[in-house]
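This report refers to the structure that appears directly beneath it.
Naming follows writing order (A, B, C, D, E and F), and every chain is counted from residue 1.
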């Protein structure tokens, strides 16, 4: 039987995007509805679902060789693990997730210090306790099992995760400080990282996942062009990447192909059209390696 | 504005049965789909939803006057609260819920002591740590965020909640000890319990909830009978409760009415039928007070 | 074939409670998942589902003999129909539904007059137009197809339905006036109301529905009591209804039975218990006719 | 351990109503979401879920002591079992379920004989084959795994289950004959029926289920009345059942109580109201035994 | 802060395909479950969800700069807006959506004129009134809030939207005329269209959306071929587009690449295979600009 | 009207993947929620949904020209049809589906012969009967309508479908023999296969479906490389396929393009990165024809 790397995947809000990422990275991965052990078409890999909150504990203990979870929970658990790479999943917003200290809009609280003697509800108990201890502010930090925003008016303040602040605003809460920012990490158990087979396998996974992440924000662009119009088109194309110019059977024409960022595509495509280009196509990519 | 008692109701597995119980107790209680503040038609009562796991912390802190949750979570949180009464919701099984220490069937572990040096996964971390400390057994207890049974083969043992053991058997796990048994409790904050208004309100709620619980396992039974057949019927009826015998317009007949346990009804009804009774009816009850 | 009354039932938010009401009134009524024609076990009755918004138009036109919908939509459609009775379905809150004029909290608008020249979005276009015309205020009233609260910041004001104001507050809106209040009505086509058979049938339905509504907020209460304790108990019981006192076989005791409001039950039951009563039961009612 | 009767309950369309019936009969029965073994609070009873289609095979084989399924499937399987009683679950329509031979409206087929040489699709293959064999008509009968109505235009005719004919009409099909009518049956294995313990247990279940079925279409009705108005009221009440007239403390009044059919209630209640009665109540029943 | 174009996107049946179209056009657009304001990764664009029925009113009023909805609702609302382009979303059928006048199969109505004095139910009230007024036919047009087909037998005729006629046939209705045909349109407010920034932004969106629509029905096709077989293959390829023939390192071979319609692909691929081609691949496209 | 091939598609577990396959093959196919007749954008094709279990019967009868279902059900039904091709849908596991004879782990049964005189439950009744008849073992084979694994402890053994054995292990069952293995087949009615038009149409479909299946496990890979580094890269690329090397405008570089298996991509991409390659991209394919 093949040697294996045992990897923990996050159950919950990151689950679908993680599975999608592995699929785009080239793995066929499937999870039947009540199972916690996804089937994956790589005999060297065994996957198990864990909640983001508990993942790093089991990697640190050696129950898993590697895991994917947020930086916030690694710190909360105080887990001694090796970070392999950051994984930039989401492109909806450029803001990383933040755990913020928030109070009701109408509260007369403006700084952490104003909460002395009060109660703070949060799911991130240890990080929050350390934050207040570092400031020398005495508060009671109580564990909150979900729906923390609802508790903001029952206690004195909350520490809650936010990306865009939408949910906090909807609850009429005001952010007064950021406790910690967090992005998704791929990380390893210390012993596993010293094992040559496991380390190479984990590095390969890291390369494939990042190549798939990179490809998602890029497209391939092709067009054929008369040689005498080439310069005009090259001025419109983004400068940093030199396009592949290939010879065609008709010597008056060349084919141009270039990989561009999909945000540039949005302005480039209308401009190419305005510049009289035709026969322009863009196509999707699976992986991009710089 | 009326004085109020602020009561925490359990979100999650007990939610529906708790709402049902309050309704049968006479309260019109409604929760819109994403709210945590049920509307309740009693101006002296304000309800808030909390998870069973966190409830007792907020009662102890005085954020709530009273709450309903399991004995297990009161102990896990080490909360200093006043127990008002036990609430015997469920009649499916007569077994209280138990947190048990379980290992894979195939493991060579027979006692807690055999786990020394191992890892135990559980949601009930503090109670579990105390259990092993009391026995002087050194184990690492790791928090498990749901799906604990799945982890039994990843670590050495789990401590998990069970009523009938079905789920443990389905996962091929074997129980080796019971850590704690638990039933649902209605409990109060210490200060609130000293407040005359709040205490009487909480006692009233206790009486109504228990009267509704009692009624659910009882039915009213009525029949008319010839006076000369009365003795025969009385022998079939359960002895502990004397039936109400009322006069009818026809002096040869009497009406009999009695409140019986619905489990007795199952054998009694066929027997009354076999004894030739007719015109027997049973009807549902809302509340029963002894 | 039997003569029939064709009745429109409201599809949508009132659907489930209307079906429940008819069932408690004694009709077996069922609607298969994609049908608009409920099966009803009364050959003299044919039911059809219509939206609350359109119901009164089809009753006025004679497509239906009778219908159930809100007063608001009868007025909006300007339908000439005969009101048979009000139906007081809901007991969650004592507030009738209101259509209110609302603006963003931060807007400098305090009266309808401040909206002159602006745009008002609402589903209740005609009633709103008349409201502003009566005040001589010139506004453009635009139809809003749902999610009206979301439009409050896109236009100048909205006219929206509210019971408790919760949803308006959640959207940070402020009520500046009430346009119309509304309750549910059972109403008839003018010609149908002149038809002897149809009128009697509709009156019977009215009696049954109201008896079922009445029963939902009442319970029956029974207890046996020594004759010498009767006066003490009678003082605790609500005064307006004299209880049925019936003779028992044992001449020292009497049975007491009384119908009470379920809100009184909540305080009465604990008081009876405190007054030493035992063997007290309450039971549910299907119909109550004064 | 107690002796047990092993009973099969129908999974699928009858499941919810069967569970509801057992609950009203006095059994607390629960089925967790993916289990086939309902928990039931009677140590003498073990329940297993089977599909209606296969139930009688396993009762005949002795895998089960008793089962509940339709008469149609007992005949289709040719199972040699003992019928204990019919169970009249549904009161929506008075029509029993029928398996009918149906063809497209536009087909030139009017009798079974017109189908000679054709193909008939049905889930009830054996009964259908026998039907055509008895008539000496040669057709190919093909098994249809659901959605049989859709196949009517692909083959020549179908044999399909219908209660009201709604679904057939919606598919533009025309009924040309009835193959078999069916109602739900409670039936036993031949050996089990000879076992004294099992037979008595099955008879008890039969009594309880039928008492619960009977109670569902009945209500209790009570009113107090002056003795001099008694005759007028008695004329309105249904004649077949003599009401219980009981003495009250006030000698001028009597209390009347009677069990009536809920379909009679619909016309009786308005008539009592018109006859000037007040203080009339009706209440629900759990069981009624004649 | 960037200048912005405020665009209305259709909530309801077109919602998913519109979001999909924007994504393929290069926008990352997301809508959280109860929001009406999609997040979009373009600071110059703000999107709001409106129902198709009300969209054009808010564009005409200037609440929105641009919107996407059906031509039918622009006409129904009589909105004075600028059409930017048609958007040919759907390729399931080549039929545009039509609002048709339909009657029960069995009705003796064959022309609009036969409905004089009758009632017509429709969601498209104004267009329908104009249709009958133009013909001089006097009918009462009543608003229908969904499920219009069900009303066809309650009133005299309906005017309802249909693409394939399936739903009308399923309700046994017969089309007697077409009132209006409709396709999806991208349109602008008159003032916004005069604003240079907004107009260019809206034109860019128009180019991107149409390039994405075009790409969905095209694929790229590649193969390598010996120079001496080139003519045979070129005869099989569709004539209208000349393929890109590029030089390979091996001088005896050329690479052929061509963009073809995916409906041609269905017959072309089997033919290339039959013509002995191998190494043929097709690949998906994101955008195609002629 | 065009001539048509009538094809049966499998309803149920294969439904989604079959629709997905047809879409990737170039057909726009849609099924509205309760329909059995998918709309397909090819006038020469008519599709109907059938259950896998019944499909081959209707193809053999000529109700359908062709169908897609498992080999197991063709054999179970004993249908005389022409196999066109195997369709290798799933790539999750390399194991074909197997119908296996399974018994409880604790049973003392090791061979089919040990079951003599017992009862075997299965959905595949005929194949199972033949299996035991061939071995001369006398068992009663009973039809099982789903949930067969649950019956293993009620009867003596089951014959059930399994891919990975997971579900059998979860039910504590042990496999003692394989009855039949099965993969998905595309097959035709004998008469239809002799019809020139229909046969060519079915062959085209076969080519397109298989080209789409092939493409799903392949990706296109491109990179530009200095001519002097070409040999090193060619050694890393899989040997069996010679890459397309095309000339670029810059004579020192060439472009390399090759189609590779997506499982090779997983190891190749990290190796290319380690070998210093940059500008490597992979892109998805729609169809691949060898």
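By our rule, a residue touches a chain if its C-beta (ideal position, glycine included) is under 8 Å from a C-beta of that chain, and two chains touch if they have at least 3 such contacts.
Model, not experiment: these values are computed from the prediction.
Chain F is reached from chain B by a rotation of 180°, derived from superposing Cα atoms (nearest 5). Rounded to whole angstrom, the centroid-to-centroid distance between chain E and chain F, based on C-alpha atoms, equals 34 Å. Centre to centre, using the average C-alpha position, chain C and chain E are separated by 43 Å. Under the contact definition stated at the top, the residues of chain C that touch 2 or more other chains are 246-247, 283-284. Every pair of chains meeting the touch criterion is listed here: A-B, A-E, A-F, B-C, B-D, C-D, C-E, D-F, E-F.
Residues 91-93, 164, 166, 219, 224, 246-250, 255, 262-263, 265-267, 269-270, 272-273, 277-284 of chain C are the ones that touch chain B when the two sit in their complex. Every residue of chain B that touches chain C in the complex is listed here, in rising order: 25-28, 30, 32, 35, 39, 41-42, 203-204, 207-208, 211, 215, 218, 220, 244-247, 254, 259, 283-290. The part of chain C that touches chain E in the complex is made up of residues 11, 36-37, 48-51, 53-54, 57-58, 61, 63-64, 119, 140, 142-147, 150, 154-155.
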